[in-house]
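Order of writing sets the labels: A, B, C and D. Residues in every chain begin at 1.
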């Protein structure tokens, strides 16, 4: 299998799906000539031309809204929101229109569209360019929410998201764009709604998403040296959430730590912890510990930003707590 | 432009069909037969009728919260609409949408919309699909004077002009957004004055003159179909009823309403057709009677249809 | 104490605070001549004039955004979002500007503003006029989120929210506008962040919000006839959340049911359940059951809408489950 | 309008102060001393300078992601700014904001803004406060050509005109929003053409001529202070550097940049002042040297200042 980075894997998925389906188009700010601020769409304009790779003005409501309208009229838009933080100027078209149309219309609508967005802290981009907002999207019926952690997952899930007939919010942690990994060549899909066990273990289950999968795996390595055998579950899709895989892991380990980068309060981890507390309560041998960002905007200064992001050490402490 | 008698009569029928439907809905709402909010189109019939007379089933429209007229003019079926207003399984949306969300994608109706300014981006998107698929179809966006102050409308118009999309923005300027009068919500006299901000043709016309609407729309739609991009048509009109049923209308003068009742588009058009010898008073009364029956039929269909069952709650969320 | 309904209590709070502080102004669509679609601001225009009671065009971004700007420049805006469902066109000014300014500016800003919004199902207003979205606001640091259930709480909390120096999202369940209750006369405040025990009980704790408080109390009455003694805790403020009161109730009853009208998945109940599963795990004698709307938009037809809203019967079943 | 020599020299100093600050920031960013994104104002100095020369500390401005120039022109202190760019506790925001969020409310600076179109509603809001408190102060909204396509800008302008707010919208038309050129993002040649959509005065001027900017701003601000409502001033200018530091600028021609370097507002103004005998080449060089020292000073202050501590993470979230 070829090795490529996360951004290249996403680029590859775009290319293959655009070749496969002439009705797939890409639109967003700087996705064409510039190739996307993070390079994800680079080369697409040259290969597919300006009809299918559309640079837009700065107009998120219209970028998302035209995608919704175009999707109902037969196209498969893949639109880029440069930073997920910008959703505040475009949310209505996503959650009141795209997400609800099918239901409001009694099932007689199909809105096959993907809204890609970069997310996450770590590059000193401060409070309006560093958020993780997956919990907001998860709470909205009609949307699917995908958040990959590896290049292979990124390619397989984006391909599947483009083929899905529902509006899919596809969240790309910006720190992951540069990470390398083996990626299957050619068309490759991963079903939405299936979690992946990134590391098998019998003592503790850590459910982690996006960048935190890597932090959790690093913590797991250190813990194994201390004889603690950690299982790391990556939901990959947050809505629909693969509770089955999470619960069966907990049934094996009887201990759960949930870690994500977004703010802990009312974050995606709350849903995961609450579901387990409801459906696998008797399997638990310890309280469920959640790790997430503190209840504050993302600070600019790297000194603060690093303290803001959940760390390997915090995960290790949490695991030790639930093992105690 | 000279319009065939057939076209003129069809438009006359459509306007009366909308009027008959809306008038009955008002009564049914008052009787508590229709839940939720209903925003009636009474008085504005000439706009939807004149515009949609230029469209085929393959063309798209985005509608508003005040959507019944747009739907009927675009070919929507009164019985399926009435069943939806009643919240029945036989309704356009199986009872899941209601007045603010009736849609029929087979007729290119992208739905009424509960969000003011929600429609313009959708219509531009449908127009993008028409341009992309090069199928010769177009999209029409109906929106109110109030909606013209929403950012989404600005963005949709700007993007539509940048991309020369085949979309026509039809503004229904009835002078009010609920209680807020246009004199307080915008400083320009006409919504069409804003077309220049996008270098898009903009005209202001008498929205109660169905022929004027038809002609303005056909010109704008011709441009759109020929790839010359979007246009804006502002139709000055008035809603005879409150913003929604139950609105006490404290914000407008009775005299104002009376003036506009004088300009009611239906009697006006009827007289014109009679003068043109295209219609007789007798035929006019027959038509109205037939339409009344169609609405009675629709009502019967609606009331006899079954209510949805709790088991339908979770269906239709995802494809 | 005089009896008044929920809407009148809110109106009373507006009047008293506007009399008390000349820098408090009210703005929104139809808040003036019309008196607010739900009547909450009725009479304010006559009493305080158009400078302080401002009818606006249909322009939520600017209504909220000007409030943020005005608040930083010395005023105390109380703006009405007719339906919380409309937040999608105005979210940026609330969550990227109002909520984050103080932090981004290193503490040197004060944004005293209240965003009032009606919420909730029950009147056949369908998918875009019936949502409860408190979980979205809770997840956003910098905001406070208030959701009263009684006329007295509505008055006391709104008064406090207007006096608070932070952006406060004040959610009013539209079904509650008409309910009557005793309300203290004159200036009356209730601190933000303090839950209220609406009914004392020793067997089970039900944490319920807004309209569900009344449903829970009705269920509690029926359960008491069967000898089950239910405690009903109303957080009243969802952010900051009074976890102390909730946990001490659980320590007493050892059983928890959480009920809210918003969608269950990733809803406010997830945070409450997860917090208890983390901080009071050993106190629990049964799984934590959450009740909320199913994962679907709000349907129009009353037949479906009634099935959509959590019911007394569902609460009773849940209580019996945790008692079993 | 004839401007005093003192005013002319002050503007000359301000422009050079911005240039000196930005030039050093570019080097420091390249050296990895400044994290995150920095968007430099080099080439656009005449706009912020000419506008802010008309303002007092009590007047408000809303800025953008490209805010350093606005801040300095409004009186912001280079050392506190530099410390913020370094993420230090002594910075304007204690290191919590960075380049895109520097603010100084004591100087009426409502902050740089990371959201394109985020500023216009804020400026209108500050203007509302000025009108409400009747304190004679005004607000200025700096926004880019790209921002003029955002719905928030449309809404803020519409509401400002409806309420006759004392706000001046200053558009910095540098022809690009990152890679998107105005010819592709709007169909009108000038952003000022959009003022008519709100019945607001709109002018397009040479944004590289600080005197032209000063004069247009003083007229618009006079209107605002006299209660005649908002205006729009479009300043045609150009950014000499990439959108942000590190931008390869693949989307624009080298020749275009060279043409604009010819129109650099600083040498142009300098020559004019020398011709007017308000300034000598020697004095000009002295001024530049002094400003360079001030920036060196700011840099020293920034680098010697302490980094924030993790214990500051949860402070300043709430009042």
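As a working rule, a contact is a pair of C-beta atoms (placed from the backbone, for glycine too) under 8 Å apart; a residue touches a chain by one contact, two chains touch by 3 or more.
Given the structure is predicted, the values throughout are model-derived calculations rather than measurements.
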item: Chains contacting each of chain B and chain C, listed by label; value: A, D
item: Third chains touching both chain D and chain B; value: A, C
item: Relative to chain C, chain with the most remote C-alpha centre; value: D
item: Between chain A and chain C, centroid-to-centroid distance (C-alpha), Å; value: 30
item: Length of the line joining the C-alpha centres of chain C and chain D, rounded to whole Å; value: 40
item: Separation of mean Cα positions, chain D and chain A [Å, integer]; value: 36
item: Junction residues of chain B - those touching two or more other chains; value: 93, 95-97, 101, 113-115, 149-152, 155, 158, 162, 184-186, 317
item: Residues of chain C engaged with two or more neighbouring chains; value: 56-57, 59, 61, 85-86, 88-89, 92-93, 96, 103-104, 126-128, 141-142, 295-297, 299-300
item: Contact graph of the chains (line, ring, star, complete, other); value: complete
item: Residues of chain D touching chain B in the complex; value: 149-155, 158, 161-162, 184-188, 193-194, 196-200
item: Footprint of chain C on chain A - complex, ascending; value: 61, 85-89, 91-96, 99-100, 103-104, 126-128, 133, 135-136, 138-142, 239, 241, 262-263, 265-271, 273-279, 281-282, 284, 286-290, 295-297, 299-300
item: Parts of chain B lying in touch with chain A, wherever the complex brings them together; value: 60, 62, 91-97, 101, 103-106, 110-111, 113-115, 118, 120-130, 132-133, 139, 151-152, 155-156, 158-159, 162-163, 315-319
item: Touching residues (chain side chain D, partner chain A) in the complex; value: 35-37, 87-88, 93, 95-98, 100-101, 113-117, 146-147, 149-152, 177-180, 184-186, 250-251, 307-310, 312-314, 317
item: In the complex, chain C residues that touch chain B; value: 29-30, 32-34, 37, 55-59, 61, 85-86, 88-89, 123-129, 294-297, 299-304, 307-308
